[in-house]
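Two complexes, one shared chain (chain A), two partners (chain B, chain C).
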Partner chain A sequence: MDPFLLEAIVNGILLGGVFALPVLGLNLVFGVVDVVWLCYAELVMVGMYCVWFLHTQAGWPLILAFAACLPVVAMLGLLLHLLVVKPLLGSPPITQVLATGGVLFILQGGAMLTFGTDFRSLGVEMPPMEVGEIFVSGTKLVAFVAALVSAAGLWAFLKFTYVGTAIRAIARDREVMPLMGVDPQRIYLVASAVGGGLAGLAACLLVVQLDVHPFIGLSFGPITFMICVMGGLGNMLGGFLAAFLMGVIISTGGFWWNTEMSYVVAFVFFIVVMFARPRGLFAR
Partner chain B sequence: MLMNRRTVMAGAAALAAGRASAQGSGAPIRIGLLHDLSGPFAGAGSVPLFQGAEIAIELFNERGGVDGRMVQAVSADSQSRAEVAINEAERLIGQERVDVVIGVYSSAHAVPLAQRMQAAGKILWINSAIATAVLKGKNFTTIFRPTVHSDQYGEGSVMFLSEHCERTTRIAPRNFKLGIIYEDGPYGVGVATALEANANRVGMPIALKEGYSATAPDLSTLVTKLRRERPDAILQVGYNPDITLFLRQAKSGGLRTRMVIGHGAGYSQIDRLTETFGREIDHFCNVDPAATQMLSPERLTPQARELQQILLDRFRARTRSNDPPTHASMGFNNTWVFLEHVLKPAVRQGGGSVEAMRTAALAVDIPVGGTIQGYGVKFRPPGDEMAGQNERSIAVVMQFEDAKSIVRWPTPIAAGPPVMPLPASSPFALR
Partner chain C sequence: MIRAAIALLAVLAALPLFGLPEYFLHLGIATMLSAVACTGWAMMGRFGLVSFGHGAFIGIAAYTMALLWNYAGLTPWIGLPAGVALGMAAAALLAYPCFRLRVVGHYFALVTLAAGEIVRILIVALRNITGGSLGMTPRLSPDNALAAMQLGKHGFWWLAVAVWAFALLAWWWIDRSMSARALTAISEDEDAAASIGIRVTREKMMITLVSAGFAALGGALGAQYRLYLNPESLAGIGISLQIVFGALAGGMYSMLGPTVGAAFTIALEETLRVSFGTAFIGAAPLVYGVLLVLFILFLPRGIVGWFERKR
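So, the complex of A and B:
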């Protein structure tokens, strides 16, 4: 096999790892609360700024900055639910989407006023791994493993804990579960905090790979939504698998054709999937 | 450079609100300033472009404006989005009633803006957007661009390489392979097309030519393909997030080459690149009009020399910049040319009408060395294929050394031969 093609496939899988965490977080929130957080990529951006600030400006060790980022963004997720989503739970979906879209602009503007328009770099790098003729970015590999471990942890949380079971139950049928004694408002809060925490985790993995600036969400936000829809909105396993599928399509498409065409190929694939399986590639 | 939007807007407000009524006699002369003060372009050069223009207006007013009439700038933020740029230009000419709009960072904005401003019969004075396609074959009569255009970038880097590659790398130009990668907007496409045309002209082979979206979250496949093709020099045309993303992934992806050349925009933000990569970018080259501090004052006229020092002092005082970016020089220089050589005679002789400004612009005749960026100014006349383009603009090839840029081409004004190939200390150098 052409080693460069193999490298492109490996890069695609690692890219899927980058997409996977925000996809999981978005799907969790949508599956449980039934509201799309249009500002999800901006929560990730806030988390990236949080890590950058604590590490490079406040002088915190990186690991502590990561540890602080998670609760900060989880708290932001909670606040988003309490202040924006909860009052609109009975409203038409378009109202909810527009409201979270408004938060997107508030977060972008807030970041711009606070940190300016400059690109901020963490300045952290890991040496690449060289296997034969293939180079694999150490930073990406670590991020990929962290994404897998986090996804496994989320799966275990949802599968083996009482709250996790309640979350899955609410996601399955939010009308009936309250009759069984489950408090949906409490579950919504937990799901929003976990969704926010996943955005924080994604921020930790992205900030070592990308410069942070107020508009960084534009780079990966739209494709994250596309992957969620392709995997089936609310379907976490579907979204997780779709992230890797999309990563490989983009990477190999870029290898065979060119980088611009790779996204065209990805979007064409998405449209075909939507025609063939409107509820998502992995919808049951 | 610690610069945020609040500071920028405060400066704009002070400029707009201001000094006119305090100092001037007669109604202020209103001009529009259109820059990306937010969005990705803000951090890729548009903010220093604005700051340079701001300093030029400030200085012009301090010196009495036009016979006591002050210039009042009305600033607008195009937010790095073409549709916002058009809406803001409409607002400037429709509601604010300005006859001239100065600035415009991005060629993607300049292309539709030029059409709109020409149709409205207003002056568009382009300080930065360099794509040849903005003017070529358009027959505009009210659009002027004192800065360089993308064909000159293509000529600069290819001629630089063809002059130096054999002596420094023992590879003849006909065997010296180029990898051309570019953001896929008018700016990137324009420069990449010029690079290809010049490479073909001198017989340099192109190993890979590929575009990408400036907002792409991943460029590792491009790195893989470049590694496969093994170009001797990588020529990148990009803004800023894409440049840092590419260089980071190139480094971790094991991409090695003999030379990396950027083409303005993000590569001209040397302070930003140094903050991210430290001395790893040492000996990279960049093509752009010269930032004024790169030019020896002796090569400039006394008036230009004085302006050079004023810009450097004021810009450094505002931003604490180590090496003021080229865009600061472009913003100041090209705005100053408009104020001093177009607006002033137009107001004196024609009341400041659009037609008077157009006539004054076409009469500008500044010799080489007469501006702080070293070039002269003479606009191509109506009917010319590049009507409105400054035919005396010059792009130089500069090389980064210890967070400074040093001119390496054209050879007659170079401060010595380039360091080429990249030395072994560079993580991007061939092993």
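So, the complex of A and C:
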């Protein structure tokens, strides 16, 4: 196989790893609370600024900055749920989506006011590794492995803990679970915090690869939603697989045309998938 | 009612003759054109068909019009309808499979979001002819301003009044038609509506086309008025959400709601611009977002809807 094509495919899989975490977070929140957080990518942006600020401005070691980013974004997820989503739980779904769209503007504007529109770089770069005939970016590889480990951690949390089981149960049937003595409101809180935490985690993995700026959410936000919908909203495994599929499509599209056109191809692919499988690629 | 409307229109049309300051005319034009887009969006939004992709139709219409003028010398008087028609065709292409295959709710919103992004990225990617992210300006033609639709404040005021009145007329007409009843039924329960003989896909297509057409008309005219086109402000998620905000703030269930919302949005934007100056770029979305959330939480039917309930 053409080594450049192979490199594109490998890069696509690595890119899929980056998409996977926000997709899992969004799916978790949607599956449990039944609300799409339109501002999810902006939560990731806040996390990226958080790491950038603590590391380059406050001089914290990178690991500490990462460790601080998670609770900060998790808190933000909680706040989002308590202040915006919770009062709207009984409203039509569209109202809820729009409200989180409002939060998107708030976070974007807040970032612009606080940090300006400059691109902020963490300035951490690992040398590319040579594997066989192809080069793989070290930072991307580390981020990819970290994403896989986190996904496995999330899976274990959902599978083996009491709260995790309750989360899965409520995602399956939100009418019956309260009868079994599970308080949905508390599970919503947990899911929102975990969803926020996943955004924080994604921020840690992204900030080492990309410069952060107030509009960065718009660059990967739409694609994240599309991946979620493609895998079936609320379907964790479907979203996870779709993330890699989308990553490969974008990366090989960039190989055949250019990066922008590859996103067009990805979006068109998404729309075609929606028409072929309106409930998602992996809907049962 | 009809007499009052005609009188109001006459007053509006006569306003520029009284030597109002240019700035006032500018705000009025911007408000009316944005009101057309918001009214268009609300035409389908109020029946639960929430699109986050109206930016796509605006982008297509505006760029078709400007490209035809710059490269083929075709007057915007033809280019604009052609662009709007193309925008409506895109809406049909997108909406028909959606409705046939029952892509609804969240899924519909996100599919339209993807469409808006596709158009935005295409405009950026085709930078050789569209100017990409830097935007483009229609070729100026001072000798032939009328044919170039570069009318100045007075001319655009009358054009905006006419288009705005057209949008409200369409709203009023749809509101009185059987389609409005059918669409209300569809928004309650599609299966039940189909079972009593409502042609669900057809009704939804009709309202979507009208809605996309008015959004495209208002948006593209706005671009022609400002003589500047930019993919970020004419396509993609930003403009789509702004339209939604206008419609929602004013109230998407009443005829004048989206207009009030557009006026509110523009007044807000101007106030922020004047009071914040250079910090404006950050403060505007922030205040926008806070208000959007507050409106949804406390005034879900918008300003006009609130007054109507008070009465």
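Points worth noting:
In this section, the second predicted complex is superposed on the first by the 280 of 284 C-alpha atoms of A that agree within 3 Å, B and C clash if a C-alpha of one lies under 4 Å from a C-alpha of the other, contacts with A are read in each partner's own complex, and residues count from 1 in each chain.
Note that in this section contacts are C-beta pairs under 8 Å (C-beta built on N, C-alpha and C of every residue); 3 or more make two chains touch, one makes a residue touch a chain.
Keep in mind the model is a prediction, meaning the values are calculated, not measured.
Once the complexes are laid over each other on chain A, chain B and chain C cannot both fit and instead clash. In the superposed model, A:Gly123 lies in contact with chain B only, and not with chain C. Contacts of A:Val264 after superposition: chain C is touched, whereas chain B is not reached. In the superposed pair of complexes, A:Gly138 makes contact with chain B only, with no contact to chain C. With both structures placed on the common chain, the touch criterion links A:Pro61 to neither chain B nor chain C. Once the two complexes are laid over each other on the shared chain, residue contacts for A:Leu218 go to chain B and to chain C alike. Once chain A of one complex is fitted onto chain A of the other, the partner contacts of A:Pro93 are limited to chain C, with no touch recorded for chain B. With both structures placed on the common chain, the touch criterion links A:Glu7 to chain B but leaves chain C unconnected. Contact with neither chain B nor chain C is seen for A:Gly153 once the two complexes are overlaid on the shared chain.
When both complexes are overlaid on chain A, the residue A:Met112 reaches chain B and chain C alike. Only one segment of chain B in 109-117, 217-225, 235-243 or 343-351 runs into chain C in the superposed model, and that segment is 109-117. Counting contacts as defined above, chain A residues 112-114, 116-117, 214, 218, 258, 260, 263 meet chain B in one complex and chain C in the other. Note for the complex: chain B touches chain A at residues 1-6, 37-40, 42-43, 47, 80, 184, 210-213, 215-222, 224-225, 227-228, 240-241, 244-245, 248-249, 251-254, 272, 275-276.
Across the complex, chain A meets chain B through its residues 4, 7-8, 11-12, 14-15, 18, 112-119, 121, 123, 125-126, 128, 130, 135, 137-140, 209-211, 213-216, 218-220, 223, 250-252, 254-255, 258-260, 262-263.
On chain C, the positions that touch chain A within their shared complex are 48, 50, 94, 97-98, 101-103, 105-107, 109-111, 113-115, 117-118, 121-122, 124-125, 236-238, 241, 244-245, 248, 279, 281-293, 296-297, 300.
Chain contact summary for the complex, chain A toward chain C: residues 36, 84, 87-88, 91-95, 97-99, 101-114, 116-117, 214, 218, 221-222, 225-226, 229, 233, 258, 260-261, 263-264, 267-268, 270-271, 274-275, 278-279.
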